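Since the structure comes first, as structure tokens, the remarks are kept for the end.
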Amino acid sequence: MKEICEKRGNKLYVTVPIELDHVEADQLRQEVERMLVDAVIREVIFDFRNTVFMDSSGIGMLMGRQRSMQQMGGCVRVIHAGERIQRILELSGVYKVITIN
Amino acid sequence: MKEICEKRGNKLYVTVPIELDHVEADQLRQEVERMLVDAVIREVIFDFRNTVFMDSSGIGMLMGRQRSMQQMGGCVRVIHAGERIQRILELSGVYKVITIN
Amino acid sequence: MEKTNTNEMMIEFDSYTCNEAFARVAVAAFCTQLNPTLEEVADLKTAVSEAVTNAIIHAYDEKVEKIRIICKIVAHDMYITVIDHGKGIPDVDKAMEPLYTTKPQLERSGMGFAFMEAFMDEITVVSEPGKGTQVHMKKRVGIGTSPFV
Amino acid sequence: MEKTNTNEMMIEFDSYTCNEAFARVAVAAFCTQLNPTLEEVADLKTAVSEAVTNAIIHAYDEKVEKIRIICKIVAHDMYITVIDHGKGIPDVDKAMEPLYTTKPQLERSGMGFAFMEAFMDEITVVSEPGKGTQVHMKKRVGIGTSPFV
């Protein structure tokens, strides 16, 4: 199975699943938080290239990671978000605190 | 929209839909029977290359066309059936009266 | 995931032919939690399609009434019951014989029950004329994978 | 196809998180008869996902109870009602405010109702503390195509 999280330098790349719902958001949160315990990470980068579905559980997960990272002086970034995902990110207002693309 | 039935010489090529269920079988029957009214057709060839689902409604439709064609001295053939479709054709016994591939 | 190994759902819908596809997709979606093979999904979809088509064509003679499907997952066993309140089957054994059909004019092949038997592990048909029919089916799905961990 | 322009279905399922995906796929499968755009299907799926997740997390506090979804198609209007018999909402207006959530510890964003409002044409929430909640939604789907011919 391909790893969901991949550390490159002090960046953590996260491959967001095809459908980012409540179940998947919970799983991503756990995976990312586990990585943050052991490693020095300055930026968590969520790669949405495969993602076609997201609901507000995904927003909660992103906001939660943004809070974690902020406490450690780091940040969160979203890359490769398709049109629909971008629209949802805008709707939710997360673009105010999270860099998109 | 692509035509379901295409006449080439005295053969009628029928493109079977992705899912050949009760609804689609009824529609295919109507289309084929309409073609048989006007044209001299010796062989009806059902092309299953796109088809991933078939149930016994599809079997009934094939048997019905076989009967129509037999009355006119013609026949029915099935081509490009995938593994699952072949298994269903075998299970149903239609291969006894209809040429497959 | 959840600390249990049963999960149940029920769907009820009008006996329109366009709901045949809905019914089999719904059952297939429900069974994904068992990590089924593509083959197993296709088997379930075919069996559901047969039972639902029978309810529409035979039980209700294409009048619009309700069809109900109950699905239950217990460990790796998928239980499916398709219920109608239509005209019922006078002789279930005879109905289940391959090639037997009471609607040859509609080009029914008489292979519906034969397909359900072929693609599921178990099938039991309970029917009473004037009351309706219940088709109970069972299939083991996704063996070799553990869904509820 | 059928000589009517209404079609109805109901699904009922255990409030397991793995049934969230089942619920939205079932609703999406039911609406295909309207020839929806991909965008419209995604809108419906998101709205259903929000309402079902709320029933699981908020109404039942992750205990296993039943969730029911009723879908009705009338011409091009898709009506969806999501029903739970959980703890209910004391102040619906407040609950519907964007960013309001009673479960920040579970990383809820408080955007569930806001998304339902954004992706559906209409939403009405009926709730009684101790009795449960009904979320009624409506969306016009597949305009420019005629599904029932």
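Order as written gives the chain letters A, B, C and D; numbering starts at 1 within each chain.
We take it that a residue touches a chain if its C-beta (ideal position, glycine included) is under 8 Å from a C-beta of that chain, and two chains touch if they have at least 3 such contacts.
A quick note: this is a predicted structure, and the numbers were derived from the prediction, not measured.
Q: Kindly list the shared contact partners of subunit A and subunit D, in label order.
A: none
Q: In whole angstrom, how far does the Cα centroid of subunit B sit from the Cα centroid of subunit D?
A: The answer is 41 Å.
Q: What is the distance in Å between the mean C-alpha positions of subunit A and subunit B?
A: The separation of the two C-alpha centroids amounts to 50 Å.
Q: So what's the Cα centroid distance for subunit C and subunit D, whole Å?
A: 26
Q: Can you list the residues of subunit A that touch 2 or more other chains?
A: 23
Q: Residue numbers in subunit C touching 2 or more other chains?
A: Residues 1, 17-18, 21.
Q: Chain pairs that touch, all of them, please.
A: A-D, B-C, C-D
Q: Over in the complex, which subunit D residues touch subunit A? Could you list them?
A: Of all residues in subunit D, those touching subunit A are 17-18, 20-21, 39, 42, 45-46, 49-50, 53, 56-57, 98, 106-112, 114-115, 118.
Q: List the residues on subunit C that touch subunit D in their complex, please.
A: 1-2, 4, 7-14, 16-19, 21-22, 25-26, 29-30, 32-33, 64
Q: Within the complex, which stretch of subunit A touches subunit D?
A: So the residues of subunit A touching subunit D come out as 19, 21-23, 25-26, 29, 52-57, 59-61, 63-64, 84, 88, 91-93.
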